[in-house]
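Some structures to go through are shown next.
Note that chain A is present in both complexes that follow, paired respectively with chain B and with chain C.
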Partner chain A sequence: MPRRTAIVGVGQTYHKARRPDVNIGELCAEAARACLEDADLTVGDVDAFILGNMELFEGRYSQDMWQVDFVGAFGKPGIRVTTGGTTGATLACVAFEYVASGVYDTVMALGFEKQSEGDTRAGLKTVSDPLWIRWLTTGAIGYFSRQARYYMRETGAPEHMGSLVRMRLAEHAKRNPHAHLRLEIKNIEEAMKAPYLIPPLRQTDMCPTSEGACAIVVTSEERVSKMARRPVWVKDWVTVHKEAMYIRGGRHSVEDLTMAASKLFRRNGITKPREQISVAEIYAPSTWAELEWLEAYGFCEKGQAWRLEEEGHFYWNREFPVNPSGGVVCTNPIGATGLIRVAECALQLRGDAGEHQIRREATLGFATAWGGSGWTVAVLLSAQKE
Partner chain B sequence: MMRRVVKKVFAGDEMRVGIVAVAQTAFDVHRALRPQELTYLAVKKCLEISGLPFRDGYEDIVTCSSDHWDGKTLSDVEHGEVAGAHLGPGEVKVSMDGANAVILGAIKILSGHAKCVLVTACCKESQVLDPSIIENFGFDAPYQQLIGLDFTQAAGLQAVAYMNRYGLSHKDFAQIAVTERRRAKGNPRLLAREDLSLEQVMESRMLAYPITVLESRVPCDGACAMVLACEERAKELTDRPVWIKGFGSCYDHHNLGDRDLSQPFALKKASFQAYEMAGIKDPAKEIQIFELSEHYSYQLPLWMEGIGVCREGKGVEVLGGGGQGALDPEAFNPSGGLLGGVPRYVAGASRVIEAFLQLRGEAEGVQVPGEPQLALAHGTYGPAGQHHCVLILERGF
Partner chain C sequence: MRDEAELLVQERILEVRFHWSAGPYLGRFLGMLKEEGRLWVVRCPGCKRILMPPRIVCGICYTETPPFPNGWFPLSGRGRLLDWERVIYPQMDPETGTIRPEPYIHGTFALDEGVLFTHYLGPEDLDESTLREGLRVEAVVKPKEERVGKPTDIRYFKLVEEENG
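And now, the complex of A and B:
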């Protein structure tokens, strides 16, 4: 029968642009070991493994096969799931389902990316249909410059807003020992000096290519009392996908984000998201996306996010902390990124986030991942069982 | 000793997962169809059979495909869309053998997060010119990839280890290919349906000793789909459900040198979990149909030993009709198995479908006589069977 599930351990590697000191297996082992140490478990306590990453980015095939001996999955049940940018969060959701089903008690989800091994942009370009739109695909930068332009036009946000978001996230990243990009930005003038990728998108508005791995351990209600760590309860999760031809007709839509959040909030009695949810770790690959998507999720009215940003509302120590870890624009090992959102949320709810621990009381956490042709996976975590 | 990892969730009045409807496209070289079009054909047929509406009839989708074989990153962008994932049910892609997608579908239902799940699997092998290049990248970068191994060569090493350990010969394996292809003749869903002589098989092109081209799975294109539902929903949708009674999976070491290739360790553990979950004590006596994923002829007896229905080294003997008493060689792969042509990734899911059809008495052309009650379906993936999964199905009417 369906059971309650809880996250009882999280672990991640240090994220860098390149990790020539380790191979893929060793990178994953770092995260698995950190996660087991955090949970005070041994690999023998784990009943099943959920593994995943972007299939093409390292230029390798069936990488779970190689990971097996490094993460401790030898002789254990396991499955490999890959859903692009949302892979990390999907791994978490599948782990929740494995435990909730009553078949497995303790499950580890592990995602990674080691982008220097292959060509991420070449891999990403093939996401679009070879028959219709591959020739005009410009990768993530093209999509997010268009999105930024759209947001500015619709809401009247001034051009320095992207840099303002980066200043907040840079401040957050400085406090997070695991973050990759740690930019020293003194003031907005300095931030605005960053070169354009495609206007109005600047280099500092976009996520980096990182290498790293992340793992979480999920267990059942019955096992929680035997665990060393304070459990973070999994309240609910949802996945919404969109059609393949997401650029059809030139329209820009955030329906997937809105639908995912509204489903999740409706099912869990959340009517005032910004008040009821204490922390949001959202997967926004650009600073501009973060503003637009906070509105799409229903955390504020359309056009209100950039005004709240100007007031500093989203800082780690303020009313509604958004991405206190520094977010995706500071750290983006793609197959792990969604899982890092869930893991960071769990740390906040446990009160173990250290220097970037939010100041408001942490009761409910909201973690998302975004990818594919505009897909959203959203997870709701709770510090209390009920 | 094997550690108990699986609880008997199906015992007593606990929730059950039923397979309600299945569909497969013809397995062939489909030059005019794109991979997602193959999936769509299977989905359409499956939904017609189940009577469920597209997109609104199910809460979740599990697709199975590979970026490498589809030639595009995020192959489930398309496979998910044609299964109805646009602003509707959620979608997860399993990037390993299709039987694992069926297991994930069952887990989704048991978790209470969905009542009805659509599972699909697809692969268009004909658009890959040289599979061995992709397979080579499936080995670890520092050691095994550099040797230049592909999955057929890894299988060759396994076959030799198996032969040497039990004093088997190439002829034994070739005979299995002859039998399998003879059965495949009756199965209209398969690509390669012809009578072969032992000489033909043994003298066909050698891929990696002792595996000849006629002893390996015929690459082809195709897709399959199935609808899984919780017990209550399954009974509404059909009066002839087939229950998923148990499942298990297991990873083996990656380094071939770390394994005893003549012992399918991972399959033993996977089937042990499945039997424990299904409450099966003597699989050889209790189960009537075995649909195993033999990508090469030698794998059929080896996997039989793995699932514990015969003693180690005795698989070939049982298939030859000289087995231990109760075992009927016709119980193994009555569908004709994979050698007759089933695409990879679809392979394991297609075993589940063939087992389902046998239990329902709908296995056109290859139906076994009588009323089989229990069936075993198996899927494998990775070099020389690095990962195995097993499902136990039960006739529910």
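And now, the complex of A and C:
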């Protein structure tokens, strides 16, 4: 029987397109120290460290070894996790598993990225088989323009919907001191002036490349009782793997998202997701993906998300807040991005999200990560131990 | 906050050579493309779906597939346009590291035998207003002396007239 597990501390750096003020180790130290301070712990209280980022972005091998001194992991056990876009959420899941198994009591998970130090687009192009289809890849922008077209065609969503989602996320990001892009968008006309990347995908529809780091501390039920900080309980988590090119021949498909959420909801008695879950921090690299994926996760019927968006349903102070942090479209240090989803959900459930604290009662939180070419991690957090 | 100009950022360029093994399934597929200019595929003995390119096991039902030529057959190279994107953003060609000339159209094609394939749509079909799902397409294959055993031995797909009957 796995042990009950809780998140007792979170820490984030501030995020920018470039952070030449620090090296990677110093960036990690910033998140680790913020996390320990939040948890009111010292490194001596942490039994193991899970570190992770993208494989090829900064051109360094064994990054976990490089960061050991900076996060206080000297002489302690731990591994590096590098599962592409899902890295951050996988870091959290491994920490949950380390603690739930009973092998370690208190574990830190830390994700980071410093994208300006290498070439993100070159790194991402290595995601597909060099002998088969790599020559054709258009990276994330190509994938998400196709996704946007597909969503418009299948649901009848008008082209301004991407910009409407961005207006919500921009409003959320303004309220979040850790968000990277803080665009002032006055109205939909102004939002629609953003140039196209690949139609209908505009520059403002797509996530940025950010630099930053995020850390959480996870501990066992026994240790929680000795800590002052309000714990957030880890209810469940699911990972789904898929490779899209060989199975689907490049055809757009969201089956991995549906598989992950339906499994998570089924085994936790979630039958009315928008009612039972208070907040969603979903890893959606584009505005259009946010709409389609809310449907794929089962939060609404197919074709309903853009209509709910038009009604303002997903704002931080409304019925079902989606990405009150501003989401991936505003902040994207890739190796940390999935962990930020988990950390932000935890802050919401603690009631510590400040200016972007949701207005409805925060009882259950849903955090996800996604990676090319079709992986999903979904995490369910709870304010109550039950 | 310190001034960025005071801070040290060093630059290096690394050049790395890779030697990837294609293996007997993908290797044969690429070899036949070079030799014949055709796409040879295999049907999964378990779930009956077509594997393109052929692989040693089916990724859905995990049944082992037979080695060439048992159960392998060539595709006609004809199909229908399923989806596309018109790329107007400068994209790096992962083969060379250079920027591809744009615009170009990246299409997904439903081939007649029931398998999907992605490739370019040809330069004569760049006008997006003429494109719609279901249009008839055909592979344009490079002449034999230009073929090297890569998927780009197919130059692109082009729109063709609907056959009668």
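Things worth noting here:
Basically, the second predicted complex is superposed on the first by the 379 of 386 C-alpha atoms of A that agree within 3 Å, B and C clash if a C-alpha of one lies under 4 Å from a C-alpha of the other, contacts with A are read in each partner's own complex, and residues count from 1 in each chain.
What we mean here is this: a contact is a pair of C-beta atoms (placed from the backbone, for glycine too) under 8 Å apart; a residue touches a chain by one contact, two chains touch by 3 or more.
Owing to the predicted nature of the structure, the values given are computational and were not obtained by experimental measurement.
Looking at the shared chain after the overlay, A:126 reaches both chain B and chain C.
Of the two partners chain B and chain C, more chain A residues are in touch with B.
Of the two partner chains placed by the overlay, only chain C lies in contact with A:135; chain B stays clear of it. In the superposition on chain A, contact of A:97 is made with chain B only, not with chain C.
By the touch criterion defined above, A:59 reaches both chain B and chain C. Of the two partner chains placed by superposition, chain B and chain C are both touched by A:243. Residues common to the contacts of chain A with chain B and with chain C across the two structures: 59, 126, 130-131, 243. Contacts from chain A toward chain C in the complex involve residues 20-21, 59, 121-122, 125-126, 130-139, 141-142, 145-146, 149-150, 196-199, 243, 246-252.
Contact residues of chain A toward chain B in the complex are 1-2, 23-25, 47-49, 52, 54-57, 59-62, 64-66, 68-69, 73-84, 90, 93-94, 96-98, 100-105, 117, 123-124, 126-127, 129-131, 237-244, 255-256, 259, 371-373, 375. Against chain A, the residues of chain C that register as touching in their complex are 1-2, 4, 7, 9, 14, 18, 20, 22, 26, 30, 51-53, 55, 59-60, 82-83, 85-89, 91-95, 97, 106, 108, 115-120, 150-152.
Across the complex, chain A is touched by residues 5-7, 9, 14-15, 34, 60, 66-68, 71-74, 76-78, 80-81, 85-88, 90-96, 100, 103-104, 107-108, 110-113, 134-135, 137-142, 248-255, 258, 265-266, 269-270, 273, 277, 381-383, 386-387 of chain B.
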